[in-house]
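Below, each structure is written out as structure tokens.
Okay, so subunit A shows up in both of these, paired with subunit B first and subunit C after.
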Partner chain A sequence: MRRDPARLLARYLLLAAAVVLLNFLIPRLLPGDPLDPGGAEGMTAATPLPAEARARIADYYGLNEPLGRQLTDYLGDLARGDLGWSIAQPAPVARLILERLPWTLALMLTALALSTLLGTALGLLAGWRAGRPLDRALVSLSGALSAIPEFLIGIGLLAVFSVGLGWFPLMGGRTVFAAYGDGPGATVHRLSDAAWHLALPATALALAGIAGFLLLARDTTAGLRGESWLTVARAKGLPVRQVVLRHALPNLALPLLTFFSLRLGAVLGGALVVERVFGIPGLGLLAFQAVRARDYPVLQAEFLLASLGVLLANLLAELAYLRLDPRRGAGHG
Partner chain B sequence: MVRVTRRRLLHRGALLTGGAAASAMLARCGGSQAQEGGAPPAATSTTGAPISVTTPTAPAGSPAQATDAVRFAWWTDVGYPTPFQVSTTGPGGAVLLTLIYDTLTWKNEEAIIPWLAERWEAAPDGMAYTFWLVTGATWHDGQPLTASDAVFSFQYYRDHPYRWMATPMVASAEDGPDDGSVHITLTQPYAAFLEEIAGIVPIVPRHVWEPVADPTTYEGADRAIGSGPFTLAAYDSAAGAYRLEANEGYWRGRPRIREWQQFTVPAEARIQVVQQGNADLSLSADASVETLIADDSPLRVFATAPLSLVRLVCNTERAPLNRREVRQAIAYALDRARIAETVTRGPAIVGSAGVVPPETPWFNPSLPQYPYDPERARALLGGQQYTIELIADTGAREPDLMTPMLAAVGITLDVKRVDAPTRTHLLSEGAFQLALTSHIGVGGDPDYLRRWYAGEEANTFAQGSIFRHDEYARLGEEAAATLDPERRRQIVFRMQEILAEELPTIVLYHRRFYWVYDPRVFTPMETWGGLMNGIPFPNNKLTLIEG
Partner chain C sequence: MAERTGRRQWASSLHADPAPRDWSHPAQHTAVGRRLGTRPRLFWLGGGLLAVACVMALFGPWLAPYDPALSVGPPLQPPGSGHPLGTNDIGQDVLSQLIAGARTSLIVALGVAAISAALSWLVGLAAGLSRRLEAPLIGLADLLLALPSIPLYLLIVTLIGPSQTNLILTLGLLSWPAFARVVRSVVIRVRAEPYVEAARALGGSNLHLARLHLLPATLDILPTKVILTVRFAIFAEATLAFLGLAQSGTVSWGSMLSWAFSDPLLFARPVWPWLVLPPALAIAVVILATTWVTTGLQHAPATHPPSTHAETADRPLARAAPLPAEGNPPGEPAAERSRERRPTA
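Take a look at the complex of A and B:
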């Protein structure tokens, strides 16, 4: 089928508009009220919020307006780049998001890079030795890992490496109120502190996602082994390493790219859970708090960012596909 | 591990009676007695709450030496610590504010005590209060704190309510008859005023907030200026972390610690963080936390008074819970001691049928109770079989224990698990039969007994008109307006009797919180009736300052 970048873009814009509408509606469809969220851990106080005070606060946040009016206000604010104010922890939503975005990006990208590299390398190895014990062991291991949810892997890692061995911190994205000092050394300290804190959560997220890359690379490589051009390459006496890296690996690029873009959404979902387990101050933890508080402005912004991020990644993957695979470009059926 | 012996509250009944008598006497005397040590005149009580006539001091046995920092591992970010921006989803924000701001009154281990107001008087009809402020109090920026700030605060809160404790009963606030005094007029007599309003609502600086039209979005550098023992030095909203520095010139006494830090730690890791030495204080609702502390550990566990309760809310307007016998049968059918022991992994404090927890000032010890008695439950049900839907939070363990107990007497429990906001929503809509809820806020002034069922508040407990009882409603109004402490005690005791008989709510058990702490840097303090309105936190600012 012919792919036209302009039509592709138009389709994605339409999707983005639908996503904005859904992001507005979904938080409001949840039962509950941002002014009466319940609280956490049985520490909710029986605190009176008199009807008059409540009405005043509801008016302030526009919660008493008809839904249509709330939507137009939201779209107007969005057009001006204003994501609104958090109801649960009054602060600009944009600031809350920006403070937390680097943590989630660092966690996601580290985990994705680890799972892609490790999964692909192990998959190549397994595929090249398809049917042999190493292949069977790797496939079994990846199957087992994919069956364990991220949070359970995270708790296991915490139990062994934090509680047991004490090698890594129990929680948080950095040492609270650490004095890093000034100058270039401070940046190194800050980054190494963050890396130390992110090591276990990123590993948990990476381990949970490794299986997909491994199996994809393994199956594709195993399928390639019978190809005549690969037989020729081997017959020419090229070293195995060169055959694999120079001839087999490029053939994995397209399926891996597709899988990578599809994984983005899953990794974001996984990050949400992992951040909660490890207390990483990222978007996942913010979303968790916002859902519990029914904090509409924060939920809207989080959903918007996540869905537009995934849409953008998919769009880029499709555009990259057009460039990488000449058969999918213009003029080909 | 050594469990700290709290000041037993056995004598609190005596305190209540004695304190009430003392305060009644003070009320009759017009509030002009001298405080110990030649201090200014004492407070005048107009409520059932005891009023201390001594200058507050830190609890006995607290460490004399100054400490560098206390690090508190807690559960959430609570936003920027101003009364207009702090989160009030739970008590954390309100408690944090008490370290930065001051209130007119405060509470120590035994009573309501003077704070920013060194004395006060109530009008005989309870419709007005006059407070005389201390001299020498200053704001963190060095400006003097005056009566004008207190007047401004109450005026400002009318347009910009403090979400933890709104002040709808305040009709006006104006300068009092003398220099340094404030006169507050109420819309109706409110017996809980000294504890719940004067003791909770932070006094804010006029010079900061008067020019601010929208305090919710105000981001000036001066927005966290208070008069409390600590100043805000750093706030990391992403990590939910706060660093407060000692206000060395604090008007009430020098802080014992240089820094108060608190930061968010997931529940699963909180106690371990203290054990690993990365925090000095944290909490758990699980009594078995005591077993986690090694014998040779310097850490201690402080068990609070049972100011939290886990209870069933009955919708008395929907069958079959509109029948008192069915509610009573449920109470008899449940082995509440076993439920409490299993869930809290500690000794059970079976719920009082009158709601008010034991070991607290307003507890009526003479109520009929409902011991575990399945036979009696079956007799009350008269052989009828019922299916009742129970709304419970997703993680609650009690429904699993309740189901077979109720099945044994002919009640099938249909458990519907929801998250906390959904539960709150269903309750406020009255769209439930039976709901399981747990919360704090039941140790302080007993006005909550009225509010839960008065239908005037938009909170979890009021909407849905789930308990209509004319005598109870009348008594609630009377208690709220009764200034004579002995009369008020009688009314509150009678309200508990009605609750015990009618059971619109069945308290499964009362719950303590267990605070793990390092005694080298922190001394826990149990506040009379809980911090502010019944909050089981041990970090009363009195324990953090020199007496």
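Take a look at the complex of A and C:
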């Protein structure tokens, strides 16, 4: 597992290149034609493009060129940050994505932070009481929550807290027709409004992802209970709270880091789906609209961005692991 | 710990153990107790729920009161006589749709599980046996594992069209990597066993080894793989259908939800409980049922590569071979851990 940073970097560069190549090849090699909406099996037949329009679009995208030439063009565009032009909306894909990205990122990061904090706290609690009813209840509850699709948890929260209790908005990312005013107060208003709208979807995502963090913290803590240094710490008379926070918690840092980066792809997928439940105007809603309009460039760009983002996060996590792992350099490598 | 003995019971049904062991656990005095007592109660509850779903899927057309595709009543009828779960906004009977959705889920689940399991074993055996194939196959598996799945599915299924066949193919062809790695790790461990070495020394080809010696040794993780993939497929089908990728004209639970949510005023009227809750609960219940079954299965065979020699000693996999039982000291079967480390399909 342990690698030196250079090899790690090379491996991830290779993976990134594979992702870019995959993104280039998928629409060109798979059956199905982005220019022929009627040709997709299982969709309600759409009006096919007239042959002349089709030829012009194919020409515009350079689809008649040899594959190698297309690839170099594609890489050139990519290097300039040009992700193409959306089919359904009159805007370049890059701009559409950049507009929506903050919502999805805010949703994901809030959810990840929430599930890390909650999961670790509850996991410490459960691990310290491993085998007792509280431990079993927490483990099975979080297991059930992680099994159910995120959007169902979202629907449940929406039904209870928005529809039933009316505490949170029904849908959207901001209050419709909201006048935030000017000045420094406006930004605060705007942000708090967004936070109010993001609270439920983030909670849904966090609940869906809590199980892994909880089990990680629980197992580590439960395993630590037998360690002799912990017995010593307690024999010295340290209060339990301090033993947990000062001695047990640091042991969690490395596995948590690994797990954090592993979860990222799943959280991203969950965010995309949950956005549709709550009408959050992020990448998920964009993808949903793109699916309906068969807006292929948008989906392609989202896949590219998502995979590269996940790869980058994994790389950073592994590099951080190399730096943080106290066993490195001690000859255990 | 009842699980520990349960594991042996499980293994012996798959592999004819030449030296049957004594059943020492007090919970196993009767044959019935031996079969039922070793698995958690939730396992049976989950199995029962899945059986109900299968009955719904198999006999749907005879069970459903109406044709799920037709408008058979006034729109948005609340649940009541005639329409036990009400009607949706174009007058389709919700109960009939719910029953029809079970069939869609089952077809997708079984199709994906079959393709995915076959690929997992094929790749796992090949990568475990052939040094030349190992690097590219495992590299491909790692690449697929690293990609965020939902954006990839959206990209592919939108391109090739969301027909049921396409959906099954996409999910099946992309969900093999996790278990291919598990199978490979088992193969790597088993191929060092003396009986495999002996078979090779007798001139057995790789194919012969894979079919007769390695495949049987990997088979006790097959139930776990199948049920995990069933869960994954139901999950993914519902998610994609909710995002609008479902074969038009086919009812599925996810597309029922998607349909309900395409109404922007869904929650502004009192109609949402019978439009949203039945499909949502159906998905949740079936997925929870598969989870409970998985947990129950994982109480039995250990599906993870053991980390120490002590654990290897007592593994049912190693005993699949026609080796005389040497009376290995029972190792510590990480029953605790097998529950947590759940490989996703």
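The criterion applied here is as follows: the second predicted complex is superposed on the first by the 276 of 333 C-alpha atoms of A that agree within 3 Å, B and C clash if a C-alpha of one lies under 4 Å from a C-alpha of the other, contacts with A are read in each partner's own complex, and residues count from 1 in each chain.
Everything below uses one rule, namely that a contact is a pair of C-beta atoms (placed from the backbone, for glycine too) under 8 Å apart; a residue touches a chain by one contact, two chains touch by 3 or more.
This one's a predicted model, so the numbers in the text were calculated from it and none came from an experiment.
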Using the touch definition from the top, say if A:Arg276 reaches subunit B (first), subunit C (second), both or neither. both
Using the superposition on chain A described above, determine whether A:Gly237 touches subunit B (first), subunit C (second), both, or neither. neither
Which holds for A:Ala287: it touches subunit B only (first), subunit C only (second), both, or neither? second
Is A:Pro66 in contact with subunit B, with subunit C, with both, or with neither (first, second, both, neither)? neither
So in the superposed three-chain picture, is A:Gly172 touching just subunit B, just subunit C, both, or none of them (first/second/both/neither)? first
Give one of first, second, both or neither to describe whether A:Ala51 is in contact with subunit B, with subunit C, with both, or with none. first
Check whether A:Leu311 is in contact with subunit B, with subunit C, with both or with neither, and answer first, second, both or neither. second
Which partner does A:Val163 reach: the first (subunit B), the second (subunit C), both, or neither? both
Examine A:Pro184 and indicate which partner it touches, taking first as subunit B and second as subunit C; both and neither are also allowed. neither
Once the two structures are fitted together, what part of subunit A is touched by subunit B and by subunit C alike? 30-32, 39-44, 155, 158, 163, 170-171, 276-277, 291-292, 294
Contact residues on subunit B for subunit A in the complex? 71, 75-80, 84-85, 87-92, 94, 161, 163-166, 168, 216-217, 234, 236-241, 243, 261, 263-269, 272-273, 276, 278, 285, 308, 310, 418-426, 428, 438-442, 448, 451-452, 456-462, 511, 533-535
Which residues, counting only subunit A, touch subunit C once they are in their complex? 15, 18-19, 22, 26-27, 30-32, 34, 39-44, 143-144, 147-149, 151-152, 155-156, 158-159, 162-163, 170-171, 215, 219, 264-266, 268-270, 272-273, 276-277, 287-288, 290-292, 294, 296, 299-300, 302-303, 306-307, 310-311, 314
Subunit C to subunit A touching residues, read off their complex: 142-143, 146-152, 154-156, 158-166, 231, 235, 238-239, 242-248, 257, 261, 264, 267-268, 272, 276-277, 280, 283-284, 287-288, 290-291, 295, 336-337, 340
Contact footprint of subunit B on subunit A as seen in their complex: 30-33, 35-54, 56-57, 60, 85-86, 88-91, 95-96, 99-100, 103, 155, 158, 163, 166, 169-174, 176-177, 276-279, 281, 289, 291-294
